[in-house]
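Both complexes below contain chain A, partnered by chain B and then by chain C.
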Partner chain A sequence: MLALPAIPLLALACVPLVGWGLRRAPVMAPWLAALPAALFLLVLTTPDGAMFSLHWIPTLGVELAFRLDGLSRLFALLIAGIGAGVFLYAAAYLEGHPLLHRFLAVLTLFMAAMLGAVLADDLLLLFAFWELTSLASFMLIGFDAHRAEARRAAQQGLMVTVAGGLAMLAGLLLLGDAAGTFRISAILAQGSTLAAHPAAPWIVVLIAIGCFAKSAQWPLHFWLPNAMAAPSPVSAYLHSATMVKLGVYLLARLNPAFEALALWQGLLIGVGTATMLAGAVLALRERDLKRKLAWSTVVALGTLVALIGIEDPLAATAAVVFLLVHALYKASLFLIAGIVDKKAGTRDAMQLRGLGRRMPITAAAALLAGLSMAGAPGFIGAFAKDLLFTVQLGVPRLLPAVALLVNAAMVVVAGVVAARPFMGKPMETGGVAKDPAVALLVAPIVLATLGLVFGMAPHLISAAIIEPAAGAILGRPTGIALGEKQGGTVVMTMSFAALGLGLLMFLGWRRLQPTLAGQTWLDTYGPDAGYGRAMRAVSAVAVALTRRVQGGSLRGYLAANLALVFAGAALVLVARGGLALPLPGPWAGPAQLALAAVILAGALAACRLRALFGQVMAAALVGFGVGILFLTLGAADLAFTQFTVEILAIVLLVAILARLPFHAPDARRAPERRRDALLAAGVGAAGTAILLAVLSVPFDPFITEWMGKAAVPEAKGRNVVNVIIVDFRALDTLGEIAVLLIAALAATVLLRRTGKPG
Partner chain B sequence: MLDSLILRASARYVLWACVALSVFVLLRGHNEPGGGFIGGLIGALGFVFHALARGPPATRRVLRLDPLAWGGIGLLLAAGSGLPALLLHAEPLLTHQWMEGLPIGTAIPFDIGVYLVVLGFALAFVLPFLGEDAA
Partner chain C sequence: METLLALLFGLLLAAACYMLLARSLPRVILGLMLLGNAANLSIIAAGRVAGTAPPLVERGAQALAAGGSNPLPQALVLTAIVISFALTAFVMVLAWATWRAEGTLDPETLRRAEPPALPSTDKEAAAEAEARP
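The block that comes next holds the complex of A and B.
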């Protein structure tokens, strides 16, 4: 079964090719749509229940495991299918843009990550792909990086989703620990036994936080409308049809394991309902086409989360149908909003009027999508709406009332976005507007038309797509076929009531909107403002801390570091009773005693000499003395290294002394000198105590002997020191040279700023 | 830059003598004292001497690439030398592979990588202080 892992991995492999190839030949951009189209066919032809797994990090139990079932197939089809349309649209939308290749490369990366996330059968693999989508979203929202608004929105989206992702990672680790496996299919096979695990409430809450952040649930919903700073294809693809549904996906995926938990149901229904309400009010209040659509996406996501929380075959079916319906009409409407924005020069719903005559094809596509959104009879949206009402009537308390209000609000949004801009007298500024090129129209027309096709012929998708997906959410077959009449006259009445109320509100929207927009307290005390305050607070704390800790005195840093390291080490040594003297060994030879005297003299001279140059030379005496001492003790490699390092250090120090204005010999006053002397003596004493304690431990020659014996047969080298460096401990060495290079990189950057001749 | 005719004239010879010595030290390292770390430092000394005599811009011309780029090449080389064990024999990363009966194996590119990183590291630190106009 190699086709299954190929779906995300092939897309992933294409990312650098796309970036590199389109940079050279941007005219090829429309052909990139063939990639998602091919993946779509691949997903379609892969049989249900296909599995693939490869050990990836066996010591941690992480597997490169993929699995295709009804739920992941629905998502994968949406990702690849809508992807094909969006890629085609994006190539035309950003035609001639100097960074088109980068845009499409990141979009490809996003698609690969999404496919990976929904096909992954390993929790940690899913998490990796999940975070990759957040990163891709960050880059795409911030695509117009010269706009401050785009940069803020990109950062906000990343902060919210990644912070949620962090909570989710903790939840996933707990889940894997509780289940004894990270394989999702194995976890689901345990049925509802996990719900009784003592850690279950933690798992549920932590994972839900991650899903809620990703799927813009109240009160973490505020990043989504701001993400509309991204180009329209991104809004259509990431922020309505696919990425924001990832949270919904994971909740649906794990639903069979936790559905029995009251906390799970309450959390999902409660947060989902709150999100629906908040989104509906804010959608009515908005004038910007794209932001208005974004708020209605928030409503849809809340609806989906609440539906997953309701444990009922009908609710699962409703969730799946609504998911599909919403993806189709919302992606289509976003693409149309992009066209309107481009052609009419504004996205203000109050100003946009009468475009229908100049853009008849766009208007027709908008009308189709809008009707599906409003749930007009004949469209698949009508099925979704009937199912929704049937389910929501089954849950008493306030859900039916919320459903009525929210659905009416959706009718208003559909009207304002899909109908109002095209009706009435032509606006003055829209004089040049006309239907765009075919490449821009294909995707919205096809997506909107599918809403009608599926509405007329529900059997096309009922058994092949809807039932398997709903069954996966429920954990058992639903036995519900799409198209069967659901509910009774109550549902019918409610459906018409919502439509009627929506139409009334739509007609009065021009007067309703300013009233709602006047409620500025919604902004002042909203979570978006709270986010801004939190970020400013973080900056303020960082500034205050930096000012205190990093005063700019190099001598101060050095003193703090030395004091902390050596005082800490000495404290531990004393507290653990480690102070000890080594057993007296054989006395050092006369040569070593003489060298010790030289080293001591150098150290004293370094302290006493006044001129910096003399101090450097005295310190060098210490270094070379130690090097020769190594040589007399038989450590040739060590001595060798000590000499070369010493020479380099002297050259560097002398070069600096020659260039920088260090002519004043020593500006320290007497108390400072006394303090420094005390510090130096303390450091020296602590170092000596530590060394003595180390030497007092009996030496175990086991490793030395083993390495001495193994060097030639195992590593083909007689120089044990070098064999250790390049072979026995090669991984350590690799880490060390990586650190060296990072230090050099950092130094280069710093020296470029301040290293200019003074 | 120290303006001295003797230094300037001898710089090139000292440089290549140091580089030759450093390569010798690098290659003998497996059996005698030496190796990539020490070799890299000796090589760096040669370049530093050259920079002292003729100025860092001249040294950079001799180097062709930025010291950091040499370091990066070295890191890639060292990491890459660990891959054959992983990919061909499913052994842990950096288990060196040797040709049958010959002293040639993946430890050599690894040590050359260490050499280049040390060289690049030392020069990236020292050259900016030796009187070039910061880029």
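The block that comes next holds the complex of A and C.
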């Protein structure tokens, strides 16, 4: 069972090799397509129900667990299969690009992450791979990093999908908690009991947000067309065939657990329908080939989400078939749009005309893909369309009308993208256009042809792919084989009505498009503009907050820190019962009381006096007072050091002050002084309270006694303070000397820099 | 005795904070000196005042007699005094260099590192504030 975990992990292991190897030998790039091709075969040969698990983070219950069933096989085949074509195409499309190796390495990373996400059997493992795809998408959309448009699109895609991912993570954690396990197979084995859990609505909404963001559902759909700033292979692979379907995948995966919930059904059908409508209107309005295709991808994703919300075997089958159909024709059309862009020099559907004669092979491939998209008979797209109409007719009220409009819009997109550029008289600027090299043509041709092959011979995939996948979405076998005729005359009528309406709109598109494009309110009040406003608001809030917190006022910083110290100390002392008085000890003598009074007077004078020299003298009084106090406490060494340092400091201070405008007063105004005094008093009170609390704890004289005993026999010294300084704690003293030297050195440099004093 | 030291510590701390908040760099330096004294007092107090005899081992004796002052905090404070002097001296020179370079001793007007116009959402205004001398 090692083949199963090898599928994503092998691809993951290849990422650095690809980046390293192709940098040295870019000519080998086309051979990289062998990797997805090999993975495709591996997926194909791995039996259904294969499982693998390994403890990864046991303390958190995260397992490296993988499982293969019908649904994950369909996705894995699409990822590896379309991947093989896209890798081949990308190597030719970006041939000679200096960063080709990086592009293909990220593309490999993306493929590995996608395979990991659809094969993961652990919610958190799935999440990790899920976010990895978002990161790869970010790097690929922003591949042309010199273009501001690409950078914005990359950031937007990341912000939307990762923000959704965050909501989803919360939902997944809730789900794991409610189910008692993070193993997806174990969760699904619990049947619909989870739907009755009190947390179920939260789980459903949070996970749905993540899936909707990833799968570009309204109103989070706006990032997908902007992601078309990426090179065409990326648009074909990530933003139509695979990554954007990951949200659909997770919804389908969890559908058996939540399908009984009215909230689940309502949310999926409601949002899916809104997405279909919004996407259809915007697709008709768009002129750029790739963006037009992107809007139609939005329509397809909305359709899939709505189909999952409809609890019916037919709906599950329709979802699977449509997913496959869409991946085939859409990837093909994106690759063709890339060729057209490269050869004709524009992607504007209004300008592109008459390329068919110069690019017959490209035109043929486009026609095949376009016919599948329009649902022409004989193509697999026709099955999808019949299934869609049958399902949508079963849901009354809104859906049939929506389905008609949306399908007609798809016919228009198919016509404008796949037929219009190749018809009519050749355009003037398209003179140099011709069919591209074989490497660029293989993938679109194969993908487009598959639509016809599967349409002609549905039994090739029916039992092997479609039925198991649909069964996994439904939670039980569907019993519906692909190719069975679905629906009656009503479906037939609707099908033709959609085709007819679509053809009418296609013929009138030249006039329809400017009318729709004139509706500028769609842009002004659309979610893309809203995103821009939201990002600017974030910046504005950050600026306002920074100005408030990081205002550039030293006093402000200091006051904030002091206030925090005071508030923290007060909180702990008062709220947690830290207030205490010292143990009784010897009383202070009259000399010490007198000294305390002198120090107090000095400190007060230092604060109150206006003249700077008076304040210096007051501070000196404090220093000498403390020195004498040390003397009365038996600390003679301290006292003499203090006197020396105090004299030095005063001399230095006066020497420097003589060169400064010493008569300049403290610029604080009276209210500022009052506030500062209050804060200072608070800090002082907190300090006293803390020290008193320290003194209330009995003293442990162990170290002092040891030093008293060891001073003579071990260090041969009778002055214990000296012994401690030069022997027991000699390293401290070394540090002290270093500090002194560094300070002197820094002072010297400052004095030199500012020239001679005076 | 320790209670007296604790009260003295609080008062010196308060005076030091008040001076540190001053809008005049020389007064901030005085605040720093007061803060050093306050800290030293707290260390001595935390080591307790068991007696007032200097921590010297008597001639002929092998160990420190009980009931004298505690040598360990004294050693720590000795180090602290020297370091706080080094700091004070450096800050003094810094204040003087600031005066030479900026022509002001009011910390509120020292805005070269954080210009009042920054941060800004407007790119041009930000660049202008950055470039202003």
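Operating definition for what follows: the second predicted complex is superposed on the first by the 562 of 758 C-alpha atoms of A that agree within 3 Å, B and C clash if a C-alpha of one lies under 4 Å from a C-alpha of the other, contacts with A are read in each partner's own complex, and residues count from 1 in each chain.
As a working rule, a residue touches a chain if its C-beta (ideal position, glycine included) is under 8 Å from a C-beta of that chain, and two chains touch if they have at least 3 such contacts.
Values in this document were obtained by computation on a predicted structure and should not be read as measured data.
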| item | value |
| --- | --- |
| Touching partner for A:A744 - first (chain B), second (chain C), both, neither | both |
| First, second, both or neither for A:K716, with chain B first and chain C second | first |
| Partner chain in contact with A:L512 - chain B first, chain C second, else both or neither | neither |
| Partner chain in contact with A:R752 - chain B first, chain C second, else both or neither | first |
| Which of chain B and chain C A:T641 touches, first, second, both or neither | both |
| First, second, both or neither for A:V651, with chain B first and chain C second | first |
| Chain A residues touched - chain C or chain B, whichever exceeds | C |
| Partner chain(s) touched by A:T733 [first = chain B, second = chain C, both, neither] | both |
| Shared contact residues on chain A - chain B and chain C | 636-637, 641, 645, 648, 652, 656, 659, 718-719, 721, 725, 733, 740, 743-744, 747, 751, 755, 757 |
| Of chain A, residues touching chain C in the complex | 536, 539-540, 542-543, 546-547, 550-555, 558-559, 562, 581-582, 585-588, 592-593, 596, 599-600, 603-604, 606-607, 612, 615-616, 619, 622-623, 626, 629-630, 632-638, 641-642, 645, 648-649, 652-653, 656-657, 659-662, 664-668, 672, 676-677, 679-681, 683-685, 687-689, 691-692, 694-695, 699, 701, 703-705, 707-709, 711-713, 718-721, 724-725, 729, 732-733, 736, 739-740, 742-744, 746-747, 750-751, 753-755, 757 |
| Residue numbers on chain C that touch chain A, as the complex places them | 1-24, 26-27, 29-30, 33-34, 37-38, 40-42, 44-59, 61-64, 68-72, 74-75, 77-79, 81-83, 85-90, 92-97, 99-101, 105-108, 110-111, 113-116, 119-121 |
| Chain A-facing residues of chain B, complex | 29-38, 41-42, 44-45, 48, 52, 67-68, 71-72, 74-75, 78-79, 82, 93-94, 96, 98, 103, 105, 107, 110-111, 113-114, 117-118, 120-122, 124-126, 128-131, 133-135 |
| Residues of chain A that touch chain B when the two form their complex | 636-637, 640-641, 644-645, 647-648, 651-652, 655-656, 659, 715-719, 721-723, 725-727, 730-731, 733-734, 737-738, 740-741, 743-745, 747-748, 751-752, 755-757 |
